[in-house]
Amino acid sequence: MDFEYSPYTQEMLARLQTFMEDHVLPANRRFHELAGQGAYPLEVVEPLKAKAFEAGLWNLFMPELEDSDPGTRLSNLEYAPLAEAMGRVPWSPEVFNCNAPDTGNMEILKRFGTPAQKKRWLEPLLTGEIRSFVGLTEPDAASSDLTNLATTIRREGDEYVINGRKWFSTGAKHPHARLAIVFGVSDPSPEADPHHKHSFILVPMDTPGFEVVRDVPIMHHHAPEGHCEVVFRDVRVPLDAMLGQEGDGFMLAQARLGPGRIHHCMRTIGQCELALELMCERALERRTFGKALADNANIQDWIAQSRMEIDAARLLMLQTAWKMDRDGARAARVDVSAIKVTAARLQTQVVDRAIQVFGAAGITPDTPLSYLWTWGRAMRFLDGPDEVHLKVIAREELKKAKGAVGRNLAHFVPPHISASNKGH
Amino acid sequence: MDFEYSPYTQEMLARLQTFMEDHVLPANRRFHELAGQGAYPLEVVEPLKAKAFEAGLWNLFMPELEDSDPGTRLSNLEYAPLAEAMGRVPWSPEVFNCNAPDTGNMEILKRFGTPAQKKRWLEPLLTGEIRSFVGLTEPDAASSDLTNLATTIRREGDEYVINGRKWFSTGAKHPHARLAIVFGVSDPSPEADPHHKHSFILVPMDTPGFEVVRDVPIMHHHAPEGHCEVVFRDVRVPLDAMLGQEGDGFMLAQARLGPGRIHHCMRTIGQCELALELMCERALERRTFGKALADNANIQDWIAQSRMEIDAARLLMLQTAWKMDRDGARAARVDVSAIKVTAARLQTQVVDRAIQVFGAAGITPDTPLSYLWTWGRAMRFLDGPDEVHLKVIAREELKKAKGAVGRNLAHFVPPHISASNKGH
Amino acid sequence: MDFEYSPYTQEMLARLQTFMEDHVLPANRRFHELAGQGAYPLEVVEPLKAKAFEAGLWNLFMPELEDSDPGTRLSNLEYAPLAEAMGRVPWSPEVFNCNAPDTGNMEILKRFGTPAQKKRWLEPLLTGEIRSFVGLTEPDAASSDLTNLATTIRREGDEYVINGRKWFSTGAKHPHARLAIVFGVSDPSPEADPHHKHSFILVPMDTPGFEVVRDVPIMHHHAPEGHCEVVFRDVRVPLDAMLGQEGDGFMLAQARLGPGRIHHCMRTIGQCELALELMCERALERRTFGKALADNANIQDWIAQSRMEIDAARLLMLQTAWKMDRDGARAARVDVSAIKVTAARLQTQVVDRAIQVFGAAGITPDTPLSYLWTWGRAMRFLDGPDEVHLKVIAREELKKAKGAVGRNLAHFVPPHISASNKGH
Amino acid sequence: MDFEYSPYTQEMLARLQTFMEDHVLPANRRFHELAGQGAYPLEVVEPLKAKAFEAGLWNLFMPELEDSDPGTRLSNLEYAPLAEAMGRVPWSPEVFNCNAPDTGNMEILKRFGTPAQKKRWLEPLLTGEIRSFVGLTEPDAASSDLTNLATTIRREGDEYVINGRKWFSTGAKHPHARLAIVFGVSDPSPEADPHHKHSFILVPMDTPGFEVVRDVPIMHHHAPEGHCEVVFRDVRVPLDAMLGQEGDGFMLAQARLGPGRIHHCMRTIGQCELALELMCERALERRTFGKALADNANIQDWIAQSRMEIDAARLLMLQTAWKMDRDGARAARVDVSAIKVTAARLQTQVVDRAIQVFGAAGITPDTPLSYLWTWGRAMRFLDGPDEVHLKVIAREELKKAKGAVGRNLAHFVPPHISASNKGH
């Protein structure tokens, strides 16, 4: 359990930070100007991608990367501080081909795709030539329980026919988006095992019947790549579009979510650090009623509290990354749930304090705080609502306790119980 | 301290609720469509205003309303449930000529305007013909301490010359906006009493040198009437544009804020009720893992907690309204601070729970919750940040305690003190 | 809904406060000295009872008091500020014959006792001659669900035979305790209606087979009157010891708890006021790092927060009292649950802040804070754990929402639903 | 930064846990019985000490232990899980000679004592022959600011004369207590540097003029070793009783507190684990309203939340221990403050939830929870109140931010500032 950043990690981090300083931050304002006009800022992002590729800062998120793949292979633990650094500029992960949901999609293609599927989809994803999205959540279903999802993947002869509606399909509006990875019911028979009746299928976005209905803003914010509502109406794909086997949907959904969840957490930590820095800077700079904000004990408490919470969350995140590296994502499942809940809550808490120190400026687009706060709220649903993860953690804890009931109170027996053989 | 709604209040409330059901709610979707296109939805609002005027649901916010003024006079306590009902549709107060900041502007014009000022500005405001804004907060100053505000109102011969920059000027983008009420330094001499060196001045918005620079979105949300950044560059107005006397700025700011603050709180309570209703409806309707959300004890706790908090906040608000009616806004100053802080915190808390019950739909524009939550965050700055109000309350409490130090512990004297005449 | 203290209430309150100042507070140290020696401080309490009786400050808690009964009849609303004042000295209610659990016991005897039962037990309770306790909670059962309680009340010929173990029997150790009111299963048949199988029975404490096993300290604190564990072994009482009818246990338990719960809340408010006063006094008095504690913004926030929370809780309590007076305890059931939860949480919160301002002195017996804080924790169980009450409130709220599902979102229909007749 | 328990640590932990199971836990009830009778349970503790000494489970807390000293040397990181295990039985650390305040006293004697002082005091402390206490906090001073402390250490000829009153002198009532280490003003001159005017002095407890005035219960709980109020009246000691140099008081206080604080945190983590285990066991066992408590989503949330918080706190604690081992206590000063605040808050939070799951039993002495909760409250003062530590953390954070003001917003410049060379 060694969390200290290795010399290699430190070197990679330094290179990434320099890249951020030299190339990404100076482009930040232009990115937002273009995004504000409603288009995806390709003119900003594409040249940066080329630079990052050249600099070896590419596909850093993927421990499974092979030597023949483009990019630099890192473990989850090594990637953690780099993802943290990327988090500070929310659009920057794409520059390094490390953005969700392409990362998760590349991971399951890597692990479960056929050679043909890899050739067609994984290769251009790894080079950053195309983008993809995942169709999971549905607007008409309580999607935290995957068994509620109703999109159908019906086999008809040598085709699958897909019908359904998805939303929060991040990336579907990206100009380079080409691939949809869609979750749906492939075995609608009532007697089907509820955890083996769904599948994931690969759908080229130019297939007839597919439509991006609208981009759904999150807390009024339109992401340039879109969190889209999409519809599939009698969309037909060949049989070899199936990812894994029919009925593998649940298993693949679990496999896909593990690393993705922790990447979000890594970026959250970085965003909270940014918010804390901003909070301190503003507190030093602003004066009311004769003294700097930083001289007020309540604001000092907020700063200290934020530092404590961020540090604790980072350690939890690093431990989870370390465990995933050592034992695999499945073994770290409960840890992932814990850091996922912790990080999402952290973000709204820390950013909320920073906003309060900024005053009204904190709720405007003149600082990154308004975005970070509203995105933090979304984080409490992303990859499953908090409550589902809390249940996972509790179930594990209760499992440990079973069989041991009474153990701890054996030496605290109250008088009436120790005397109870006399009856009452 | 009788808070029960009188038969008259109940009748007015019923009329307002019927009006909301019959006219406002059916127009809600169209309002948002038009607002989404960036224009102010006059075609929705103006006909409703005419209807509300006819129905006697007009200027309900103003206890000082005279018989010769248009509208129906209500006390603050009578107005409370009506404002609550309006709060449920955030754009509806204008329908009843009860929207901020015109309400506050009408109030200080009523109380402090000259006959000529009233003729020119108050009358068309009371009829709803024009709109106005107030220029108080400045982007470059920690504005919670009004002495930090730097806009200048310099007398030059028979004119005042105004220079400065304001933001969060709500309503400046409204197509009918005609009047700016601007706060600035009228006595810049270093020896000036810090609480008598500012003034409020009335500025027609068509005066040369005035400019609306931009509309500042709040948490990514653009209000159709705008929360604008505006600039005054050598803006010249005649001497009779001064509101009250030179140096009255502080006093007027206090007078203006009292009722306005409590109106926000009334609407907040209504919005929290709406959020709680939505939360319950969704909890009944959605099922995960084999049961309705409403059957989960954590969600039940959120519902109960919300009910308790809303009820307590409403009582605090009613008590404050009642005290303002009886003793005046000044006497209720500390109460206003208390309900202001309570209501703002309530809104983010209750709406946050409702969002969590809704799942991802709660952060989209498909429910009112995303707006209510982000607006609730803004409420913690509106009319002064929480911290300023907490300080007001604490100061009052400490004042009461002074002189009584020791009183309560007299009968709890610890041994070593009671024995201390023996010395140690 | 008029909560203002009437002139009569104000006069009674003034008399009570004078009595507290003149007689109770000066006896406080002596009371604790004697209690610390393990005996009930009769020599302090009895003379004060006589004085209070004479002063007409007697049985103030009972709206059902008849003219022929000793004491002064007040409504719940009138009693509220008096109970608040008593709360400041936790042992003082007995001085005014207003202490739990005798109050609740007197109430059910008044409403449900036979003339003989009243003669034997109610009369000496009303005069303060004897004390009583109630045997409800059991150490071996999750007692928040009354159907779990296992004490048996078995009819044998012309007697009832009682067997079982109770704890948290407050008052059982009082030297004047004579009566136990015991809850148990009177109809053990499996087909018995779970809400009509229990009864309350009156048991003279000198009946053979009854034993006080031990006094259970609450958070290490031994109350002089005891929160006792008691045991009933084949305790035999005649048939006329049954309170109400066989099977009335549930109904009586509900009837008994209503007013008792709100009395606790009243006293809590008074205790929180005391804690807030102490917090302010100490904050003014103590200096660290060159300034008074009161000059620190975090401590100011605690003071303000406490003031806001206390005021809101008091209004909720007064509203509940008013509703009980007007509509009866049953109609106010949900309100009672709400104030019960609110008050219990308030007490630990406010006192916790006061303790922190006091520093280590706050956790010693040199201030009342350590008792108030630990007692506040107990309040979260007393008369039912918070969670049971939250469930009551939530159920009511959900009931209101049923049938209205969808109402509030009708005008927020998202695009894909409004377009859904076209199918997808 | 390798936090994984080394094989050696794991072996030591296993030995300690076995010892706890075999010897300590079976003695727990007897310990409490004797302590309840008011005496120190020497008959329980002394034989266990002998056993632990033999087993090599002795003086585990002291990384500075030399080969010639009795006991087993461990680093802070190695000690952490052992202290955690000891924390589960609050009186057990003495069994291993690892109890506060003797540990801290041994540490400063080790580092700053003269050979003679070590011979006389350190040696018997290390063997467990005698006990000691530290006189720091004073009842009449806000002791979190050490400059407020008023006890005097006045030089008179070849003696120091000590006058003053201390409290929270833990251990002063222990039957083997022999040594007081007392903090006081040695240079009362007004021009003295406030951080070099205090000293620590060694006072044999049998010196005339010294008196234990009383044992001060913490939240009604009397520790058998006492948290005593003591008084020094013209207590005379020779010049060689001075620890370090005159004026070293501040420096020594800091040196003394570092490791002690983190030991408390280690034990806290163990106590929170115990509380969580108890919570789970009870939740599985108890049923209300037809289902196990463990099946309620709110209780599951409490369990999960507790697990997450404990894990995060433990990592923070291990990181601090690791940093102290590598860089020394001084370098880890801010980390120690952070874990100190985190752990103290954790304890009341986690134990509070466990209590609520236990119902009323949780506030009785029949479970360890009532002690753990009230002790958790004391932890928020022990070794300095939270607020002092938060200030330390905030100061550090603000120091880092200074000089960098504006850095983070450089690429977020709002329009009016970027346009500001045009003036406004």
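Should a chain be cited, it is by its letter among A, B, C and D, assigned in written order, with residues numbered from 1 in that chain.
By definition in this document, contacts are C-beta pairs under 8 Å (C-beta built on N, C-alpha and C of every residue); 3 or more make two chains touch, one makes a residue touch a chain.
This structure is a prediction, so every number in the text was calculated from the model and none was measured.
With every chain reduced to the mean of its CA atoms, the largest distance from chain D is reached by B. Of all residue numbers seen at the chain A-chain D contact, over half occur in both copies; the interface is built from largely matching residues.
Looking at C-D alongside B-C, one finds more C-beta pairs in contact between the chains of B-C. Centre-to-centre separation of chain C and chain D, using mean CA positions: 37 Å. Chain B and chain C have CA centres that are 40 Å apart.
Among all residues of chain C, those that touch two or more other chains are 139, 296-301, 364-366, 387, 414.
On the side of chain C, the complex with chain A involves touching residues 139, 163-165, 213-214, 229, 231, 233, 296-301, 414-416, 424. Across the complex, chain A meets chain B through its residues 137, 139, 142-145, 148, 167-168, 216-221, 286-289, 293, 296, 298, 352, 355-356, 359-361, 363-366, 370-371, 373-374, 377-378, 380-381, 385-387.
Interface of chain C with chain B (complex): residues 1-4, 25-26, 28-29, 274, 276-278, 280-281, 283-285, 294, 297, 299-301, 303-305, 307-308, 311-313, 315-316, 319, 338, 341-342, 364-368, 387, 389-395, 397-398, 400-402, 404-414.
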